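Take a look at the structures listed below.
Shared between the two complexes below is chain A, which pairs with chain B and chain C, respectively.
After this line comes the complex of A and B, so read on.
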């Protein structure tokens, strides 16, 4: 029974990784029409270096992900202090209100943002993308930092205050250093959420300002070369690295949220 | 800590003076929460309300066109009968994806919980969850490399049987389901695994020592105990799947017409935003109904 179980898990892993590995391998295949058998070549990576459209979109993606990580982590951490340490009426309602950005299909949120941003004059483009990405990342930050709060004893802060520390000072000198791994984890998480976001970006991007996934999508629909595989490989390895580093700060099994 | 002690005397003095004029607690709580909830209000809550309002307009208000309210967008399913078929096709893709995910995911979680230990278990869990956090679009694109005619699947087949035809099935409904299962299986494995890992070995040993066969153990103990994980996994697979548009577009080609792609078209091709808004809102109503039905299970199963 145990052997069967392990064999089955191996099959599941093969199912999960085969397409990804095939896609990555095709980026190193000579044929522009993805023809097999495989013959090794780095020509698509060389070509990618001259593809300003994809490179600009990639740079935009990274800039937006960094801004999203900084803004969402700051706002989310501050909110998490109130949600984790203060008791007040309506707290569970506020916690419930964190769910819509995660749980409602992005198609719905994305089209709603498009309508409102267009209607209110906010418009589309970089600032609209940042507003959208930060909103999607905040709930994850609050959850990750909130999990961190659960591991820190509130009485440490109280002890500091009873020894004469102000609440703000006690927070900065006692709680914040203990919370730091969670905050860093949350920032990496927000970075990954933004970097991988496609649906919202798709509705808020303009022809002049796109992100990498949006650019890849239009390439897939309008014809492409294995340069797409090359940049996709870089993107996948990048977000896998971010998540593996995140997993070192907070155990992935404990953050049970969809998407 | 040493630094803290050194600063104590002047701070203690400051505290006694500031304590008298400390702000009421609701002000600090409010100030801490305002940035986050203000942001979510502008980026998510008001847009959803705006979309609701938009769904009652006759046409996209461009330029000086007068704004006229109507209910006709919600009659779309009657006026344009093809939408009924599209809706059914979305539901069908949703059911198949959820079903395949549930079957594959339950047994994977079972194998993970009972056939592996310690470091191996942790590594396997990370390996299973890792693809989940990578770009969904790129993963769907990967499947076109495998499923297309003359793709990786055919290549493997022709290594075994050189004379065989093509078994590539890109641009079919099963291709869409395969891509979606690939996307949501890790989540189903995680929710089932969390439910199964709480099962006490002694219960199973007791059942076996009393003569229960393996299918009795499976049916009477493992399945009922994994039920909360299965249900939350199913809800959290079904909901995003019925709102998907990029997966059917890329893997389904011409047959990949779903509610998601119809809504996408209203916003990017047809510029009929009110119709797009009413379809989006109908979808949202379905999603909320599903969440409301299973809220009890979800609360226990997914929000720790």
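After this line comes the complex of A and C, so read on.
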């Protein structure tokens, strides 16, 4: 039974990682046509350094993802605070309405955004991409931070206030530090949602300003070299490092306030 | 160290009144328990005094200052919560120093105060630990230290002992009383545990449906309950219906019961309340009633009997377990008690 379980786990991991490992390996293969036998080379990494199109798109992707993470996390956290700590008219409705966008197919959201942005004069480009990505990421942030809120008892803030804290000070000195792992997790989520995003980016990018997924997509259509493997590897290792650092420090799933 | 006054305070949520027209004074240095079932408004009253809830009407005074419109953080109160509410990301020392820091006391001065407070609750040497490394009882002590270190005008306790087990609770009661006496803090204590209220308080206020039914020192409230609710909620009581006559109250079985003190006019229907431990099967008291023993419950130091009168009224009798159980189930006995242990309640 134990052996079977281990085999099963191994099979799942193999299923998840094999394509990625093959993709990474091919970035170090000499052949431009992904031909075997494998012969180690860094030529695609060297070539990538000269491929401004891909590099710019990669940089754009990261910049947009960082901005999205910061903006969506700030807005989403504020929304979470309101939803978890205050009662106001229409709260349940708002809470409910935050969730469906996650389930709406991106193609539909993307089309809707394109039409709306065109119609309202927002247009396309970096600013449109950021607006679109932030809108996509906010529901995730609200869910992650909201879950974090549930582990923090409301009477902690009350205790702080009884000791002389204003509500704002109580929030900053007690709730925020306890919420920090959740906020960090939410930021990472938002970052990943943005970095991953293709459909909406495809609609909102302009020929002069694209993100990496969009750039890769058009490259594939034109015929491509393992430079794409190279930049994908760099990006992948970067985001995995970020996730692992988060997992190490924030220990998601651990109850911060046991009782 | 100040008195607290509540004048005509009322609060309702929507159309549901939670507190109606409460006026009372909590004397300087006194320990008052707010006792009542859940929904009686005791916690609401405490939270109004703390400043977490604003009353719809009425005035809250702490000392000579009208604090009705002063927010919690401006009231200089010390508060203990049911869940301890220690800050999990701070050490014990940081927890206790939190209120000091808000008052501009930092560094060496703060460290000394914290040390003194932790000594007072008998937790010296715990300063650098985190709350989750402490037991429930220890956490509660830290919460107490945190509340008193700021020298509050009033100490508000919201069922702080209810999460502890029986042993620990009794231990903490003694500690709480010692520290309250030592510090002389005016203390208001919310509880639904009647024994706790009796043991700790100088004054007990019994609340029911948003009103203070009775307030007084524990002995008076226990011995002379003013309503059936007060008699029932604080301890056990036997209730016997009757009609006032010259010389006493005539019961259903025809017997006349004498009541010490004044009675309402003849013909008034009353309910007599008698505590189960005041009755005794070996009769010296003037008042008598006969009943049959239904069940005997052996509870160690106390024997508890359930009886039934010939009219089908249930009675309880507590007797000290001095010579073991002397009465059997099914036996007919005559219970007697004294007129001064009889309270006539007009419903």
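In this section, the second predicted complex is superposed on the first by the 243 of 259 C-alpha atoms of A that agree within 3 Å, B and C clash if a C-alpha of one lies under 4 Å from a C-alpha of the other, contacts with A are read in each partner's own complex, and residues count from 1 in each chain.
Going forward, contacts are C-beta pairs under 8 Å (C-beta built on N, C-alpha and C of every residue); 3 or more make two chains touch, one makes a residue touch a chain.
Bear in mind that the values here come from a model prediction, so they are computed numbers and not experimental data.
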- Query: Taking the superposition as given, does A:178 touch the first partner, chain B, the second, chain C, both, or neither?
  - Reply: second
- Applying the touch criterion given at the start, work out whether A:163 contacts chain B, chain C, both or neither, answering first, second, both or neither. both
- Task: Would you sort A:155 into first (chain B), second (chain C), both or neither based on which partner it touches?
- Result: second
- Task: With the two complexes superposed on chain A, say which partner A:40 touches: chain B (first), chain C (second), both, or neither.
- Result: neither
- Task: Look at the residues of chain A and decide whether chain B or chain C touches more of them.
- Result: B
- Message: Which partner chains sit in contact with A:78 here, chain B, chain C, both or neither? Use first/second/both/neither.
- Response: first
- Note on the structure: In chain A, both chain B and chain C touch residues 160, 163-166, 169, 173-174, 256-259
- Using the touch definition up top, name the residues of chain C that touch chain A in the complex. 50, 52, 71-73, 76-79, 81-89, 98-99, 102-103, 132, 146-147, 150, 156
- Task: State the interface residues of chain B toward chain A in the complex, per the touch definition above.
- Result: 3-4, 7-8, 11-12, 14-15, 18, 25-26, 28-29, 32-33, 35-37, 39-40, 42-48, 50-51, 54, 104, 107-108, 110-112, 114-116, 124-131, 133-139, 141-146, 148, 150-152, 155, 182, 185-187, 189-191, 194, 214, 236, 239-240, 242-246, 249-250, 260, 263-264, 267, 273, 276-277, 280-281, 283-284, 287, 291, 302-304
- Provide the residue numbers of chain A that touch chain C in the complex, in ascending order. 153, 155-156, 158-166, 169, 173-174, 177-178, 256-259
- Residues of chain A that touch chain B when the two form their complex: 1-2, 4-6, 8-9, 12-13, 15-20, 22-23, 26, 34-37, 75-76, 78-79, 81-83, 86, 88, 94, 97-98, 100-101, 103-109, 111-117, 119-120, 131-132, 134-135, 138, 142, 160, 163-166, 169, 173-174, 192, 195-196, 198-199, 202-203, 213, 216-217, 220-221, 228-229, 232, 235-236, 239-240, 243-244, 247, 252-254, 256-259
